[in-house]
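Take a look at the structures below.
You will see two complexes here that share subunit A, one where it goes with subunit B and one where it goes with subunit C.
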Partner chain A sequence: MEQQFTLTSEMRDNRLIISTSGYVNNVGGEAIAKEFSRHFEKGTKEVIINLAQSKVVNSVGMSFLIEIIEQLHEANGKLIFTNLDPAVEKMLSIMGLFKFAGKEPTVEHAMKSFAHQK
Partner chain B sequence: MAIKKRVSQDTLADQLSHQIESLQDGFRKLSKAATLTDLAVQFVGVVQGMFPGADIDLVYRPDKSVQWQKIIDSGAGDVEKFLALPSGQASSACSVDEISKRICMVQRLVDKSSIGVVLARKRPRTKNSDVDVVSLRLFIHLFDNAYQELLYRRNEKELIFSLNHRVLQLNSLIDTGIEVSRLDQNASPQQLALERAAALTNASKGVLRVTSGGHLKEEIYFPDGLLVQHTVSKTNRIASSFTFAENTYTFELFEKESRSGILPFEDTDQLLLDALARQVHASLENRYLHEQALEKQKFEQDMAVAAAIQKRILPTSLPVIKGYDVAGINIPSKSVGGDYYDCIPLRDGRYALVIADVAGKGVPAALLVSSLHAYLSAYLESTIPLAQLAQRLNKVIFRASTDDKFITAFVALLSPETGEIELLNAGHNPAYLLRNDGNVQEFRAAGLPLGMLDVDFPLKSERVTIGKGERLLLYTDGITEASDERDEFYDVHSPLREFFIHHKPDRAEVFIADLISDIKRFTGSAAQSDDITALYLQRTS
Partner chain C sequence: MLVKDAVTLKIALPKIPDIELVALEGLDRLAHHMGIAEEKIGEAKILVTEAIINALEHSGEKSPPVRVEFTMTTKELVIFVRDYGKGFEPASIGEPDIRTKMGSKNKRGWGLKVMKSMSDDFRIESGKHGTKITIRKLLT
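Right, the complex of A and B next:
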């Protein structure tokens, strides 16, 4: 069963990796957005969101993710989602998030994907 | 003069042309803004291009009831005291303060919100001309248009988001229906449905309670470990429940989330929750029916095995005994019990007439009957006394069976020439011997059933002689307890003993056939609940 929301983040090779656990709802989405903004303001434009421990996302949580994608898109940056549960992947796909964001099986794959784009 | 006038006209045309270009460029910049703040920043930048060095403050308020919110603060001053609201139906108001050299404008926007702009010239103070006022007014109109564009794009985005969300809800409803109907015993359809219902309705939390007779049997929370406040108001809660197998399942969702706070749930949220609850209900019913079908299948397989075992050990024909006529029958019930009968010729010329009934049904009962058949065949060859044979059988059956399994048995050893019969009843139904004078001799149980206890309890056999024309009937409780539609027993309404006394055909097999007909006539359309087994012997000479 889904736990209450927690978040960890790290910078690796100038890329922000946010890993979440629990329900990505208003609280979860806002926490992700805040963590993103903190790094975005300092110039971080490559972001990985690892949703391995988040199996449930609601549309309020998704609206925060869309905003992050839009901000990165405006700044010529990119977001890659990783470790997506099939149900979450389908939800994000239906909501059109993958038009401007990527998806990879793992954080390592996402790191390689960013490296290849350079 | 003419030349001077033309130069002046050219300058004015250039100025106007320059202003038009500035306005067009300004609109292009403003219309790209993604947020109100972004729009305000772009606006100030554009206006500063027209009024170099000016301080420009921009304030905004969503409606009249709230205070102005400062969005751009360039130090133009305490703007609120300079702002005059539009009067009547007017959409804008303007004031020019010649002392402080400020131009102040308020513009009512399309969604009833307003912006206020205060433009202050820096030193050296420059007098504001009418052209400046008109220019600022034009820029504010640009802001208004760009703001409409921003709202339009935002509404369009929200509409697309909303439509996508509806598609997501429908898709998820279908997917959840498929997932909860999977017959995977490890997955909980209730838990999955609760998660999906919360996510699709934007509920911040949810709980599923399973109650039975007012007692709480199970609670599942989403998110896990969450304690739902019971004080949540009714408007912030929706519920859906159903009852299955005496359990009431109640799904409750709490606090519909939005970016601007908690909202009341909508009708579609209730519809979604009801639909998911129905899916869980259907899934539980399907699981139950599937388990029933599996159990039935296993039962039928067991019965087929039991029937095969029983068929292998029951006699296909009985031996011909000179001076006697013997017939037997076994009609297994659907659930195949553990009835057994046989007439076994022994090496010393005697015959063993045996009937037995194992407690229980199915494969275990059939296997125990098979054991009895094997042990009995072996021991009967050893010519040991019948009581001792029964004690040995008791021990081996006890070891071969589980605690709830035992066998009632009746064994009759017939010496054909003398008509002497040695009888032993181990917990079985009484056997009847019909004498020529019409009396019936009963041989009741003289000991416990075989295999019930591991003790050498005393078993006593009896000896009788059967005369010409006399008849012996052995049977199992499948006959006496054959039930009609009202669940009443055959032996109560049509006593077997009376049928045995009054029905004396010439041939043993006719007696058996008539007995079965009489039982069927009694039971009618009621299903046969137990094996029907009988063994009949009559002395003909």
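Right, the complex of A and C next:
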């Protein structure tokens, strides 16, 4: 059985890295959005969501991430997804999320991508 | 290549949180038994998840359990999901668009689009006695 959803976050070079584990459903999506808001209110505009340990997601959970993308877009910030399972990546692509968010293989690649944009 | 007969799994899911994970566990076991590639299993899991959460959303608290049936061969998976809710008019559900959603309070409503786009055939019938979704997914 898939694991219960959990989330960890860290700040690295003024960038927020949110790493999830388990099923990202509505509860998981809302938890990610809340964690983002806590840091966004303090001025964080570069965010990485690492889904390495979340192989199962649903569209309701992912819809919470649209709110994050929207807020970052309006603030000239950016979200990068990393470590996406191929099926999850396909789902996010169908939803059009990569029109406004990036994707990289790993957190380290995402950190480099942000650094190159400076 | 070893040809295996079709296998079928039937489950009745009550409306409790994350019950779709039970169906995913069954699907996972079937797929590994049949030697299906991981990428196809991942896509099949998303299709099953979306079909079941759609069914649970439209089921009333007192509705009978959602019926789920998988029929899998080494070549394809057929997913059948039936709920006994009040039904809805699929044609009335507009195609969601990320640009529109970003300006809207309602960010949800992606399930049908995901199921249509990720499957090889998608059929939905809905009426006052509930909704039936049939999805065909090629596994090769």
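The rule is simple: the second predicted complex is superposed on the first by the 117 of 118 C-alpha atoms of A that agree within 3 Å, B and C clash if a C-alpha of one lies under 4 Å from a C-alpha of the other, contacts with A are read in each partner's own complex, and residues count from 1 in each chain.
FYI, contacts are C-beta pairs under 8 Å (C-beta built on N, C-alpha and C of every residue); 3 or more make two chains touch, one makes a residue touch a chain.
Nothing here was measured: the structure is a model prediction, and the numbers come from that model.
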| item | value |
| --- | --- |
| Which of subunit B and subunit C A:37 touches, first, second, both or neither | neither |
| Partner chain(s) touched by A:73 [first = subunit B, second = subunit C, both, neither] | second |
| Which of subunit B and subunit C A:100 touches, first, second, both or neither | second |
| Partner chain(s) touched by A:53 [first = subunit B, second = subunit C, both, neither] | neither |
| Touching partner for A:113 - first (subunit B), second (subunit C), both, neither | neither |
| Partner chain in contact with A:90 - subunit B first, subunit C second, else both or neither | both |
| Which of subunit B and subunit C A:23 touches, first, second, both or neither | both |
| Footprint overlap on subunit A, where subunit B in one structure and subunit C in the other make contact | 1-2, 23, 25, 55-60, 63, 66, 70, 87, 90-91, 94-96 |
| Subunit A - residues contacting subunit C, complex | 1-2, 23, 25, 55-60, 62-64, 66-67, 69-70, 73, 85-88, 90-91, 94-97, 99-100 |
| Touch list for subunit B against partner subunit A, complex | 34, 160-161, 164-165, 167-168, 171-172, 175, 191, 195, 198-200, 202-204, 220-226, 257-259 |
| Subunit C - residues contacting subunit A, complex | 18, 20-22, 24-25, 39, 42-43, 45-46, 49-50, 53, 96-99, 101-103, 107-111, 113-114, 117-118 |
| For the subunit A and subunit B complex, residues of the former touching the latter | 1-5, 22-23, 25-27, 55-60, 63, 66, 70, 74, 87, 90-91, 94-96 |
